[in-house]
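The same subunit A turns up in both complexes below, where it pairs with subunit B and then with subunit C.
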Partner chain A sequence: MSSVATTPAAGEVVGMSPRKRRIIKALDIAGLIATIVTFLGAIFWAFPLYWALVTTLKVENDIVQPGIALWPQRFTLDAYTHVLFNTKIGTWYINSLVTAGSVTVCVVLMSALAGYAISQLKFPGRRILWWVILASFMIPIPALIVNHFVLISQFKLFNSWLGVILPQLVYGPVTVIIYKQFFDSVPKELREAAKIDNANEFQMFFRLYLPMNWGITTALAIITFIGAWNQFLWPFLAVTDEKMMNVTVGITQVTDAFGVKYARDLGSAILAGLPVAIVYLIFQRKVTEAIMLSAGIKG
Partner chain B sequence: MSAADTATDVPAPARKKRFNRTEVLAALIFVLPFVVVYAVMFIYPTLQMIWLSFQKAPLIGAGTFIGFDNYEKLFKDRLFGVAFWNTVYFVVLTVVPSTMLALAIAVGINRLKGWTQSVILACFFIPYILPVSVVFRVWGWMFDSQFGILQPLIALFVGENVPVFRTLPLFMPAVAFITIWWTIGFNILLFIAGLRNISPEIYEAAALDGTSRWRQFTRITWPLIWPVTVLVLTIQLIAQFKIFDQIYLFGNGGRSDATMGLVQLIYRSAFQKNNGGYGATVAVVLFAVIVIFSVLQFQMLRARGEK
Partner chain C sequence: MADIRLVNVSKQFGTVRVIENVSMTIESGEFMVFLGPSGCGKSTLLRMIAGLEDIDGGEIHIGNRRVDELPPSERGVAMVFQNYALYPHMSVRDNMSFGLQNIRMPREEIAKRVAAAAKTLELEHLIDRKPGQLSGGQRQRVAIGRAIVRDPKAFLFDEPLSNLDAGLRARTRIEFAQLHQRMKTTMVFVTHDQIEAMTLADRIVVMNNRKIEQIGTPMDIYTRPASRFVAAFVGSPAMNFLPVQQISDRDGMALVKLPDNSEIQTNIATAHLPNDGQLTLGIRPESVRVDSDGTVSGKSDVIERLGERTLAYVRLADNSVVIAEDEGMSRLNVGDQVKLSFDGGSAHLFDARDVAYSAAG
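Let's turn to the complex of A and B:
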C-alpha cells in the first residue's frame, strides 16, 4: 500500500503524459483528504480525554462559566488533592492493585503451567482438556454472576479480596491457548539437549521454556492486569463495603455529599484510569501484540 | 495461528504406547492448579446455573424444583421482552457501525508512516484500555445537561439543552455512540494487522494500470480484508450482547426498566429481587444465545484455518 500512498517525486510526474499526470494528481488529492480526515478523527477521538483532563485543572467556579476555555485560566490541583485526601481512593487503589495483581500472577502462572503440559507432555486426558479449554471460549462470563455470587457466599468471601479475585481466574483459557502455541514452536532440539543433561520437567519449564518466552509472558501479564484493573461488574457485585471496593467501582458508587463537583468527579476518574494508561503508553507494542493474539491473529 | 486451528495439531494420543509414569505425574502437577480453578469457578457454576433455573429459589438458600415454570414465566414476562429487544437494539447500533468505521480509520492510519502513525493510532486506541468508570465520567461531563461542552451544539439543533441520558429515545444511541468511541481501537488494531498482510505489489500493479483509489478499495482491499471483517463482526456481536456496565452507569444505577438489557435483568432478578432461580433462567437464555454465536465464530475460524 505504501508505494501508492507516497507522493510521487516531481521529476517523475513531469515525464508522464498529461492524462497520467491528471490521474496522479487526483490520487494525491484523495490521499490528502483521507489523511486530513484521519487526523481530524484522531483529534475528535482524543478530545474528550483532553477536555476531562483540562477540566480537572480548573477552579470549580471557572468550570461552570459559559464559553469554552481550552486551557485553565486559573491553574489548580485542588481537585486532585481533595480526591486524594478526602476520599477513600487510596484504599481503593490498594484494593485494585492487590486484586488485579493477584489475578495476573495466578492466571499467567496457572496458564503457563497448563499450556506447557498440553504442549510438551503426554498424559491421559490431554485431548479432552484441550477441547474443554477451546469450548470455554463460548461461555459468557457475565451469565455466571448469579452462581459465582452463590459460590462466594458459601465460601464466606463476600466483601473480601479473595472473593473479587477467584471468579476472575476464569479468564485463563485464552492464555493457555496462546502459551500452548508458543511452547509448541520451541525447537525440539533444545528439549533433547536438556534431556541429555538430565533436566526434569520442572527445570525444563522454568529454565528453558519460560525464559525463552518472556516476551509473550510479559505481554500476557500486561493485558491480564489491564483487564483485571478494568473489571466492573464482578467487583461491583462482590463488594458492598466501601473499604473493600476497587477504584473503578468506588469512584462511581460513592458520591460526594456536597453535590456535583465536576473537577473532583473527573479527577477521581483520571486517577482511576492513570495506571492502565501509563502501562499502555510504556508497553504499547506488547499490549497490541497480546490483544491480537487473544483475537486469534498473529501480529 | 488462530485458537481453533491449533486444535487439530495435537497429535493423536498414543493409545498403544504406554505413558511414561514420571511424565504423567509431572503433567498432573502442571495442570492441577488450572484444572481445579476451572472446575470450581467455571464448570461447577455453569452446571449450577442450569440447575438453579429449574428452581424457585432465593439468591442465597435452598429452593424447590419447579420444572420449566421459570422458562414459561420468562416468555410471558414483559420485562424480558424489553431487556431482550434493548440488547438487540444496542447490538444493532454498535456492531456494524463500529466495524465499518474501524475499517475506514484503519485504512487511513495504514497510509501514514513512522511516528505519526503511532501517535494517531494511540489517539484512537487509548480509550479502549480505560475502565468503564472513566468513560462514564468523561462522557457524562461531555453531555452534562448544564455545562456539557456538547450542549451548545445540541441547543443549536433542538433549541435548548437536553439531558441526553434521561431522554429515552436518545439513551441507547448515545450509549452506543460512547461504546463505539470506547472500544473501536480494538477493531482498528485487527484491521491494521489485516491490511499489513495485503502484499503491496498488488497495489503497485493496480496503480500502474491507473486504477482509481475507490476501485482499488472495492476490488482489492475489501475482498482481501473480508475474513478480518467477519472476525471483528463476530467478536463485537458476542461482546456487545453482554452489555451491562455502560447502560447501568449512564442509566443512573439502572433505575428505569425501559433501558434494561439482558445482563441487567439477571442482576435485577437475582440481586435486587432476590429471585435467584429466575435470574439463572435469564442467564441460561443469554448463555444459549452467545453459545450459538460462538459456535458460528468457531466454525468460521476453523474454515479459515484449514484453508
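Let's turn to the complex of A and C:
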C-alpha cells in the first residue's frame, strides 16, 4: 500500500483549526477595509493641496472657466514669478525666519532651563512655580491677545521684530513639561557623579543634561519653529508696516494689491508654506516624535 | 591618601533614623568594607562621607580637615556608583576628563592622566567609545578610571560589583584587590556580599539596623563574631545555632548540653557567661563533622555535594537541623542515620541579648 504525501498550498497554515482560519480571514478583510478608508481619507485631505498646486500652474483665464479641470490645459509659472518679483515676499521670508528662529531659540532655551530648575533644583516656591506653569497651560492663547496688544502698545513695540517675538514666548508650557519629564527620568547618580566631578549647575545643564538627549531638543525646536512660522493672528495684529510683515501676513497683501487672482493667491500661499514643508520633509521623524511627546502631555 | 574619621555621625530621613551615632576611623591606605543587609544604612554612611547626604549630627574628617560642611567636590574623594553613573553621551575619554576640565586643569595634564588611567585599566582601545558600546565590566573599569584620574585622597565604592555576572564579579574582585595593592590609597567599599567583604577588606564594618555591629579584620569577624547577627550574616553556609544549657565548667571552660542530652565541651570561659538565662550554641558547619564515632545522632534531610566537600543537613532528635560537613566523596544519602562530632573548641555561645562569647585566644 502506498501513501501519498500532500503538501499544503501556498499561504495555507498547517494544522490550523477552521475557526482560527475564519478569524484570520475576518482580520484580513478588516485590514483591507481600513486600508481603503485610509486611502480615501488621504485623497480627501490631499486633494485641496493638489488643487492649489495645479491652479498655480494654470493661466488665470483657464482658472475661471466653468467646469473642473484636474490638469492644466496650458502650463505657466506666471503666478510664481509675479509673487517672487513683484511683492516683498523676500523681506517677509526674512521677517518670518528671524521671528520664528528667535521664538524657537528663546522658547527652547527658557523651557529647558525652567524644566531643569523645576526638576533638579531645590528652591523656595518650586512647587508653586510648577503649578503656575501647569495652570498657564490651561489658558487659551487667544484669551491673552488683548493683554498682549495693550502691553506691546505700551512698550511701543508695534511694527518690530521684538513685538512679534515677545508674546509668542508664553507658548512654552508644554515644552517645559516635556523637558521636566525628561530631566526627572535621568538617574540621580549622574547628577551626584557630576557633583563629585566639580560640575556647577551650568556645567551640569549645558554639558550633561541638555546634550544627553539632543533628540528631544531637536524635536521641540522643529515643532516650535513650525508653530512660530505658521503664526498668523498675533503677527497680523502687531504689524501694519508691509516691510515688517511675516510671510503668513504678507501674502494677504498680494490679494489686496492685485485684486482676486487665484493663481497668484495660491502661489503665494504655497511659497509661504514651502519652508515648513521642506523642514517637515527633512525632519519628518523628529516632528512625529515631537507631536507624540506633546500629545502625551496634552492627553 | 588620608584617613577618614567619623565621630558620632547621625542621619535621619524625616522621622526615620537611618544612622545612629556611628563612630569609626578608617586608616590611611586601608581597604575598609561596609558589610550588611539591604537597608542597614551602609550606603547612606558612604554617601555621607562623599557629601551626597548631609549629616544631622556628628563630624566627618578626611585627613586633617573637617569635611562635613564641604560640598562633595571639595572633599577630595572619588566615588564609583553601583550603576557606574557614566555620562552616556560622552566617550570614555570625555567621561574621565570631565571632572578635570571642570577644575580647569591644563589639557596636557588631563591627557596624561587619562592615558595613564586607560593604560592601567586596559581601556586604551576603548577610549573613544561611548558607554552604551561597552560591556558591564568595561563600564565598571571606566567608572574606576574616572575616579583614578582625580588622584583622590580616598576612593568610595558603592556596591560596584553587584551589576556584574558571577564570573565577571570574581575577576573584577581580584582586579580591585590588585588596584588597592598598586595604589595603596584609602578605599571604602560597600557591599552586601560577604565573599567580597572577606576577600577584599583589610577590615570589615558589619552593620545592621542603622548601627555598627562589629569592626574587625575578616578573620576576626569570622572567628570571633561580636553578636549573633554577625555570626549568622558572615559565613556560607550559615553558622548552626542550637539552644543549650550550661551544666558545668571544666578548668573554667563551659560544658554545655544539647536538647538530646549530648554534651559539648567548649573553650569559652564560664567567668564571662551570664549566670542565668538561655544560651545558644553557635558552631560553623566545618566544625561539625559526619563521624561514625560522633556523639550526636540525627537523620540526613538534604545532601549538597559541592565537589571538594559534602554538606549534610541533619535533623536531630529535637527536630532542630544542623549543617555538617563530610568529605567530597561522601557516600551519605538522604534519610541515612548519621553521627556527628562537634568541635566544641571553635564553638560560640550567645546569651538572650544575642551577645557572643567566643573561645579565648
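Assume the second predicted complex is superposed on the first by the 255 of 299 C-alpha atoms of A that agree within 3 Å, B and C clash if a C-alpha of one lies under 4 Å from a C-alpha of the other, contacts with A are read in each partner's own complex, and residues count from 1 in each chain.
Note that in this section contacts are C-beta pairs under 8 Å (C-beta built on N, C-alpha and C of every residue); 3 or more make two chains touch, one makes a residue touch a chain.
On a predicted model such as this, the values are computed, not experimentally measured, just so you know.
Peer 1: Will subunit C clash with subunit B on subunit A after the two structures are superposed, or do they fit?
Peer 2: fit
Peer 1: With both structures fitted on chain A, tell me whether subunit B or subunit C touches more of subunit A's residues.
Peer 2: B
Peer 1: Does the superposition put A:282 against subunit B (first), subunit C (second), both, or neither?
Peer 2: A:282 contacts neither subunit B nor subunit C.
Peer 1: Would you check which partner chain A:40 touches, where first means subunit B only, second means subunit C only, and both and neither mean what they say?
Peer 2: Neither partner.
Peer 1: Classify the contacts of A:189 with the two partner chains as first (subunit B alone), second (subunit C alone), both, or neither.
Peer 2: second
Peer 1: Name the contact category of A:199: first (subunit B only), second (subunit C only), both, or neither.
Peer 2: Once the two structures are laid over each other on A, A:199 reaches subunit C alone.
Peer 1: Figure out whether A:212 sits in contact with subunit B (first) or subunit C (second), or with both, or with neither.
Peer 2: second
Peer 1: A:249 contacts which: subunit B (first), subunit C (second), both, neither?
Peer 2: first
Peer 1: Students often get this wrong, so check: with C-alpha centres, what angle lies at subunit A between subunit B and subunit C, to the nearest 10 degrees?
Peer 2: 100
Peer 1: Upon superposition of the two complexes, what minimum C-alpha distance (Å) separates subunit B from subunit C?
Peer 2: Between subunit B and subunit C, the shortest C-alpha distance works out to 8 Å.
Peer 1: Do subunit B and subunit C touch any of the same residues on subunit A, and if so, which?
Peer 2: On subunit A, the overlap between the subunit B and subunit C contacts is residues 200.
Peer 1: Where on subunit A is subunit C touching in the complex?
Peer 2: Per the stated touch rule, the residues are 187, 189-190, 192-200, 203, 207-208, 211-213.
Peer 1: Using the touch rule from the top, collect the residues of subunit B that touch subunit A in their complex.
Peer 2: 1-4, 6-7, 9-10, 13-14, 17, 19-20, 22-24, 26-28, 30-31, 33-35, 37-38, 40-42, 44-46, 48-49, 52, 59-60, 105, 107-113, 118-120, 122-127, 129-134, 136-142, 144, 146-147, 149, 181, 186, 189-190, 193-195, 198, 200, 203-204, 206-207, 210, 212-213, 216, 228, 231, 235, 238, 241-242, 244-245, 249, 263, 266-267, 270-271, 276, 279-280, 283-284, 286-287, 290-291, 294-295, 298, 301
Peer 1: Could you list, by residue number, the parts of subunit C that touch subunit A in their complex?
Peer 2: 50-52, 71-73, 77-79, 81-83, 85-89, 98-99, 102-103, 146, 150
Peer 1: Using the touch definition up top, name the residues of subunit A that touch subunit B in the complex.
Peer 2: That would be residues 1-5, 20, 23, 26-27, 30-31, 34-35, 37-39, 41-43, 45-46, 48-49, 51-52, 55, 63-64, 68, 106, 109-111, 113-114, 116-118, 121-124, 126-127, 129-132, 134, 136-140, 142-151, 153, 166-167, 169-170, 172-174, 176-177, 180-181, 184, 200-202, 205, 226, 229-230, 232-233, 237, 247-249, 251-252, 262, 265-266, 268-270, 272-273, 276-277, 280-281, 284, 287-288, 291-292, 295-299 of subunit A.
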